[in-house]
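See below for the structure under consideration.
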Amino acid sequence: MSRNSDRQQPPVTRPGPSPSHTVGRRGVMRLLGFGAVALSPLGILPPILRATVGRGPIHSRGEFARAPNGRIRQWVMMIDLRFCDGCQKAQKPPLCTTACLEGHYAPEPMEWIQVFEGDLAGGGSQFIPTPCQHCQNAPCNNVCPVGATFATPEGTILIDQDRCIGCRICMAACPYDRRFFNWGKAPVPPESLLAHYGPEHQVPVKKGTVMKCDFCPDMARAGALPYCAQGCPNHAIYFGDLEEDLAANGKDVVAVSRFLAQNHAYRLNEHLGTKPRVYYIPGHGEAVGRDVFTKGRLPTRWPWIERIKGARTWKR
Amino acid sequence: MNSIAIKATLISIALSATLFGLVTTASAAHIHMQVVGPAELSIGHPADVRAVLRSAGDDLPVAGATVTFYVTASFDGANGLVELGKAVTGQDGVAVLSYVPRSAGEHEIRVEYLTPGATEPEVATWSHPASGADQLYRSTAGIHVPGLNVWVIIAVVSTVWLILFSVALRVIAIARAGDDADIAAGHSSPRPAGAVSSSTGAGHQP
Amino acid sequence: MEEVGTRRARLEQTALAPVLKTSRRYYVWVAFLIAVIAWGVYAYSVQLREGLVVTGMRDRISWGLYITTFVFFIGISHAGTLISAILRVTQAKWRTPVTRMAEFITVVALICGAMFVLVDLGRPDRAFNVVLHGRWQSPIIWDLVSITTYLTASIVYLGLPMVPDLALFRDRLVGRGPAWRVWVYRVGAVGWQGGASQKRSLGAAIGVMMILIIPIAVSVHTVVSWIFAMTLRAPWDSTIFGAFFVAGAIYSGIAMLIIVMAVLRKVYHLEEYITEKHFVYLGFMLAAFSLIMMYGNISEYVTAGYKLKEGEEVHLRQLFLNQFAGFFWYYFVGGLVLPGLIILFPWTRNIAGIVVAAGLAVVAMWVERYFIVVAGLRVPLMPYEPSNYAPTWVELSVVAAGFALFALLITIFVKIFPIIAVWEVAEDLELAEASPADGHIALEGAMQPAGGSQ
């Protein structure tokens, strides 16, 4: 840096840059080496920060769900579309969705399991209850910049709403439209605010974060079926464990591998390579008497009488 | 002579009736089914479970009979029989099912054979505990992002920043050379315009 | 021929003028920009309080104006790289009067672009999580790293060639103007006295930077495009996104540079140094890149349209015929074909025509980002009716504030830093003086007697 020098120094003539006043070659090498050493922790810096300043790994996650002899459960869901009629016969909005949103206080308009009505290639329509597919090659998990969307050893994909920054790249990445954003103050009932939050129990909702179906891990660990499986009047939804090869729908027990193979199970958008954990048995509700050309289901309703102050809903 | 013939006919009729009766009863209701399981059941390893069908009377193998295999299981509050599959007996009267035990604990395999025309199936069971606690399935989600090596990214980024660092060193060199020129010239006032670029020659007042 | 000395003096005077004199027009302009920014800050405060529900974004179309403008600004930032670095590497002498502006634009555009990512976050209070918990596998982290690197490199690449000019300012402006400004010049000039060793060091540093910054810039817009291309959405599932976005970035960068150049030239009377030739040469580059963009678009849409896979047909219909037709055809015809034609025909190939072409191009590139983001998200993934996106006043206000911030930062830069690379232009003048016979074509304007430069 130049100094506003008023010094009385004898002029020293130098023929050119002298080694002692330029950063010589050796000096450069030394400094470069130092720089390299300084930069090498770049890869391990995030874990160090996490352990010291940051919050550490995802918190409030329960124990792994285990089978009786200690093996980790591998949750899988099978939806038998021969038994799904969109609750046309029951003349109600789809009861799987209703049970889920009531159990989780899911704010309007979130339908974590959503019953789509798709056209069949040969004509007619079928109802497709679509929860989060808990992909084994989940695009949402791959793109999350902060690891707020994470995979569990049971194969489910959960969200830590305390770490989510709300960038929504996971919503752009999900090919099944199964992620929902808390755009504003969510219209939930006041009693939901009393719950103790954890990634396995996404209550209460947090503004500015993403939510979705989580396969009800707290219930699954305790040996109960998820809300949607319990709510279905036709017992169309099976929930099971790939490790023990067993699944149940509230009425029957089946061997997962046999059930899938002999009923020609398929997965949604298989060609995308996401490897979902949700299987579908082809059908259109014929086992409960639905005619394939009977279209339409009732729209989902959120039953909260009271909502927290200042909340407003939004359209999807 | 007549009485002997009549007696012989009567006896033969009685005998054949008895024989006939015996034969029909043997083929109608008395099929003996036995389930023969493997000596060891290890979780995740297939083992053959055999159902042996023999006719009760003459102990002949019953071929071409379809038997159904079940295992009793319970999951998430539901109990019941889980159908494992059907198999057909061969000439030796044996139907084989390849069974891979997956759940822990006792495995009770139940085989049912419904005789044509009967209402109640023949049932035979076999029970054995399964050993082993190896995790068969591993969740693959999120553990491996295929094709991406994080260390390559770190190496590339570090190289770029090192080069930026070397540029910073040059700037320091400029600053130090500036100090030199300061000392060398020994001036104390702002340089005239000509000193900005030494190639412009004589200074020129703005 | 004028004496080199007088030309040199006039050059320095022109460079110093903006810093010394401030007109009333300037203050009015700055006040207007600050008003727009203040309104945008208010709109953002509403968004912070109520949540992103005040925008038009919803679950089905979860990105909108903010991400559009972010990508747009990052694209603009390629102006500096192209002009300064590539033209310096290829030793195109005509670049010297415009390099400074190009480098300004780069730094300012990066700052504005980064701002829009933060504005788009649902939880900006947790933005630091990307550092604490960043995952190297995420395209957003690649973005963070490359944009940070590019911003640092651009600031260095702006500061380095500015060192001799800052030394000039340091020497000339002592006692004139606020003391802090002279302190800025002193610090920025890092003791520059014009000595031989200093020149060597500076030349080496600039040489390293001009080569380094080109791959950095290419990587920046490539990873920005991968935020879209790493998803499974049909309109984004394209392997050429990286190259396509880099070409688009350079195109929009050149266009923005032409506009800024025209404005500053007019306001600060730089006609002697920035001549029609500069506009024409940049215009040729604009036309070349418009051809590249057209080629990229045709490649994508023809290959997708021939096959019409599921989702592609919905997308092409909404883009060419239905909801986004107006946007797309303005972009293609008005933003790619028309600027190319304007530059192709000699009777429109003048400063006015080229500035119009650049204006069309800049708007078209913003529109292109818009329909890439919104139309890309609109294609349904499951059997449902597609939603529609309509930006609200909050989004429009914040976007306007972003553009105002861009203009304001350039305006302030011009007040503090030299807008022309004085020493580089001076060097060119001397070289031309030394060998007038083979003077470079681009300096004809500067060398002719006064009055003949237009």
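Letters A, B and C mark the chains as written, and numbering starts fresh at 1 in each.
The rule is simple: contacts are C-beta pairs under 8 Å (C-beta built on N, C-alpha and C of every residue); 3 or more make two chains touch, one makes a residue touch a chain.
Since the structure is predicted, the reported quantities are computational estimates derived from the model, not experimental observations.
Summarising the inter-chain layout, the chain whose CA centre lies farthest from the centre of chain C is B.
With centres taken as mean CA coordinates, the chain nearest to the overall protein centre is A. Per-chain Cα centroids separate chain B from chain C by 54 Å. Averaging C-alpha coordinates per chain places the centre of chain A 37 Å away from that of chain C. One inter-chain figure worth recording: chain A and chain B are separated by 24 Å, centre to centre, where each centre is the mean of the chain's CA atoms. Residue positions 136-137, 170, 190-193, 196-197, 201 of chain C are each in touch with at least two other chains. Multi-chain contact residues, meaning those touching two or more other chains, occur in chain A at positions 1-2, 17, 22, 43, 142. Touching two or more other chains at once are residues 145, 150, 154, 157, 161, 166, 173, 175-180, 182, 185 of chain B. If you check the complex, the residues on chain C that touch chain A are 50-55, 57-60, 62-63, 117, 120-124, 126-127, 129-141, 144, 170, 186-187, 189-193, 196-197, 200-201, 227-228, 230-233, 377, 380-384, 387. Taken in their complex, chain A has these residues touching chain B: 1-14, 17-18, 21-23, 28, 31-32, 35-36, 39-40, 42-43, 67-72, 74, 134-138, 141-142, 150-155, 157, 220, 223-225, 239-255, 258, 275. Those residues of chain C whose C-beta lies close enough to touch chain B in the complex are 4-5, 8-9, 12-13, 136-137, 142, 145, 149, 152-153, 156, 160, 163-164, 167-168, 170-172, 174, 190-199, 201-202, 204-205, 208-209, 212, 216, 423, 426-427, 430. Chain B meets chain C in the complex at residues 145, 148, 150, 153-154, 157, 160-161, 163-164, 166-168, 170-171, 173-182, 185, 190-193, 195-200, 202, 204, 206. Remark: chain B residues 43, 71, 73-85, 100, 102-105, 133-143, 145, 150-151, 154, 157-158, 161-162, 165-166, 169, 172-173, 175-180, 182-188 touch chain A in the complex.
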